[in-house]
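Following: one structure in structure tokens, then a few remarks.
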């Protein structure tokens, strides 16, 4: 009953196989290998246009690097106050960008509200140069609240970006979960809706260690090889990272993994519903946020259920994450534990 | 006949096996897994004292992170002008440290001369605060010139460091090659000789992707978890990186790989000697630097030999790297090619 | 009727005289002059203990430099969401500190609430190392809302700082206004209440260009000469800045100027009161914040009254600043204008 | 007999007068005052084209800010190894630019050699992205060695810059001294010869505290107000800095001051020549570098002569600076002291 994080899962067997197959003979280093070339093509095919792809070892690095291509140090990054870049990256965006300020924009369920965005931009511009220049907007898809922006919502934000000449970044650490939730194509969810650069995560959804920065707008990619190297992210044996993505995309492994994880979240939410446990956010991807009495939460943990408390400890809010490994059996077991916990 | 770089090699089979074995079930993320705990112990045993270990995905990140724990942004890093941190990391040390200046110290064969070091420190201190405060010393073992500092040489530099209250960093991207070259123990080569922090590389010598920052002085490790996370280097599925190191150390795989690579370098150097090709630096690890007429170099490349030109192109200096994969057969084939090239 | 900013005032005549007197013969550069030595003593006398003083040309530089001595780049600065460092310094704190995050703490009237501070620290510490380490607390005295922390309020915040081992910074751009408002001594308002470093502003209150960073805790001052130089703030002809402070402190010029400015604020507030204009914040220093219909504000501006709109334009909030130059006559004239504006 | 530094001088009387005259009534803050507007025009007239001017309080800040507008953090700044930005600014260029590396280019007498520049650019570009991208070139006029680039020399360097698409920065801390030495116009010495941005210093040559960043290429000035503010350099009472420059340019005060200082250097050099003291660099501005036995130097200092040792102390190299305040009488007195010193 491990619902603590999608980062605790192993990798999908076919990705391990791919690593083994890539382990043959010499390959040029620093991304000049065959696998990395193939990957550029695979991603271009996937997104139905030429894209520029750079790999990193963590989502934090991918986000921060992407942002560093979009903003200058005197510019700000507008994001939700629940954005991973704002709450959980220990200053990596500030480091990579040279000191940009992350300015939070109000909104519900982990999203940013377009009107609040417009207002925040105006406030900054009104006191130029005393406040940082708005530099870009960053949205998270799926959000850290387990919700998903609709295509229309993205387009509305992108429209505001265009009017203010701001590039739009999408943190897609759980891009696959959002994609299958909406049932749209990768291109519809990104550049066709106005996204300029995407952080495309695979680690949480079945890879060993594979995160990509994908540029739809080639302008931002121009000098990115320098930023990539300068951040210590240009891996010498890049083949072992590119091959993971190739296997991830092959035969829609990524789609299947995400579909399973999302289905398990629905299943888990039903279990909570059946037990009158308040679900805080709409369940649209692979995360379920609930309110639980502190005692109940403690009991569940003692009995071996893995999950995290969310926000300040006295808020009694808890996050449950389902993954490509989660089984129906686990959920059934958890539900019976929950019943016991609530009774006692 | 690939002598271009130790980064073009595959990983040792037992490391691939270890990755496969680590791919079982859930493991806590961000370094709280079993493999990472074992690794702390394994390294402490190896170095005969308690050490603090943090993993990264590149040597550039490992070096830059290590340095960021040693210096403040207004301090300088004293290193050889051939140091990788100075020549080949595209500003990563400057990024991670917040703008420290790398100040080069004279010396032969990729090493820094202790007297030149002393002088450089004095020059800086004389004009406080107009020049950065000397902040640490960084040496490379084996050096970028394919040479190795003797234990005595390290101790002399460490003595100078102590007198000026400067920590000593060792870039050990090719630590194994230096170790087997000298025939000393890991502790003798490091903390017993005055090294405070070591960048311990495994990628070039048989791993897939595994670099470690090892602190012998616990003071510098105190807040390093923040620096590690902030740089985007705290990998979520850390088990897959820790397990590489465990396999690397087990049964002295790392020692065997390095011994082989070094032996191949001696063998290659002999081939050059037999053909009157001037060898520029003493061959003490797994690299051979030679002078070749530009035409000869071109011919060799056309015939499929892989190696790099070094420095400015008109200097006609070339680097040949041998690895754990290099075979005697390759060297024999190369020698006969060289003979042909020199004749024509 | 200029109530736009205390930065629009000339300098006090005696400060101009002091500059003229300092303009004689050679003086050592970079702060080794006689005036700068005297200033160290003058400030030590004023604060009843040995202090370390460094001068800058702007309050932004003084704040950012002070903070850069207190926090490492992976640490956060806890401050009010109305703090100048958060809202109006265009990333200078982020630049000087190497990317620290400014985290806002709730509170009323421009102050931070000690309980909210405690909570914010706990939230950060709970997810180490994913969130920046709390690094220091910064309060503004007088606040940007024209209010003043009582000595007890400062002590409560300082107590929380001590418990978490965090240094306390005070942005005293309007320190004089706060001091005379409370009627306490400089030492009581600072180190005796737990302040470690003070940004002591004089420019707004009668100087030409003179801001100081004053360290009560010598530890933080140890390498500050490097930070000072590195930021481009070590002025070559420092005598001309030190002499301003000497004249500022002499014969209590600073006290008199601040008393006058504060008295004018009370007088202006009375004028608003007499005209039923809602005053938003308690008037405790030299600023008055009011709500005005947009039309009234426009009329006042057209008729030559100088003041600023505050926050987003549709909030209809306005700031009026009184200074050492403001006259009763101006306030009388303004009141009659206000009456007209409200009638029309 | 103070030849230690031009920073030890007072300000010219007419500049003090200008400050007094500017001290009347209210003026808009942050550079929106009348004096600052006039200054934009005055500089545009002086340089015979529209320029964009921003003031700072130190030459270090002016240089670092100018460079921060020209390079991205992953780019390098190519300069002489005697450049002030490389040797004496304690990391300010690294801070302001976000970590650019200063790469030194060989050359004699404090200048950079155009061929060495070309070579350094090629070396960097050959290993993209492992070495920083060449980002701009910075030359010092007059140099730190007391020499002056001819117009032709500047044009040759600018030509190389254009070919590699690199902007050209001129550090003109002693611009006036170079200008009068060459007898050319400000425009000929700068934009007509290919300079994109100039650090125009006045402090050393008669101002109290006045340094300017002057953009000839408006592209670089576009967002410079943000960089200016972010660095803590946007002074609130800017009038007091703009008025210094107005007085500095008026009636050619700056030209007269520099002519005097340069003439005094020639006079001092003659004194050294008459005493067989080796002069190290050509005397082309207001500095004289000589070799002196350590004992002689000590004697001179004991007898009250002010000057600095240059480089490492055992090199016995000394710098003598003449200024707008230096008198013939001082030089005569110094010569007689020198005679005594050499005899004993």
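Letters A, B, C and D name the chains as they come in the text, with residue numbers starting at 1 for each one.
The rule is simple: a contact is a pair of C-beta atoms (placed from the backbone, for glycine too) under 8 Å apart; a residue touches a chain by one contact, two chains touch by 3 or more.
Computed from a predicted structure; not experimentally measured.
Ranked by distance of CA centroids from subunit A, the top chain is D. Here C-D and B-D were compared by C-beta pairs in contact; the pair with more is C-D.
Centroids built from CA atoms put subunit D at 34 Å from subunit C. Centroid to centroid, with C-alpha atoms defining each point, subunit B and subunit C lie 50 Å apart. Per-chain CA centroids place subunit B at a distance of 41 Å from subunit D. The residues of subunit C that reach two or more other chains are 73-74, 89-91, 95, 98-99, 129-130, 132, 226, 229-230, 234, listed in rising order.
For subunit A in complex with subunit D, the residues that touch the partner chain are 72-75, 98-99, 128-130, 132-133, 223, 225-230, 234. Subunit B meets subunit A in the complex at residues 2, 4-5, 7-11, 13, 16, 19-20, 23-30, 56-62, 64-65, 89-92, 95-96, 203-204, 208-209, 226, 229-237, 240-241, 306, 325. By the touch rule above, subunit B contacts subunit D in their complex via residues 73-74, 87-91, 94-95, 98-102, 119, 122-123, 126-127, 129-132, 311-313.
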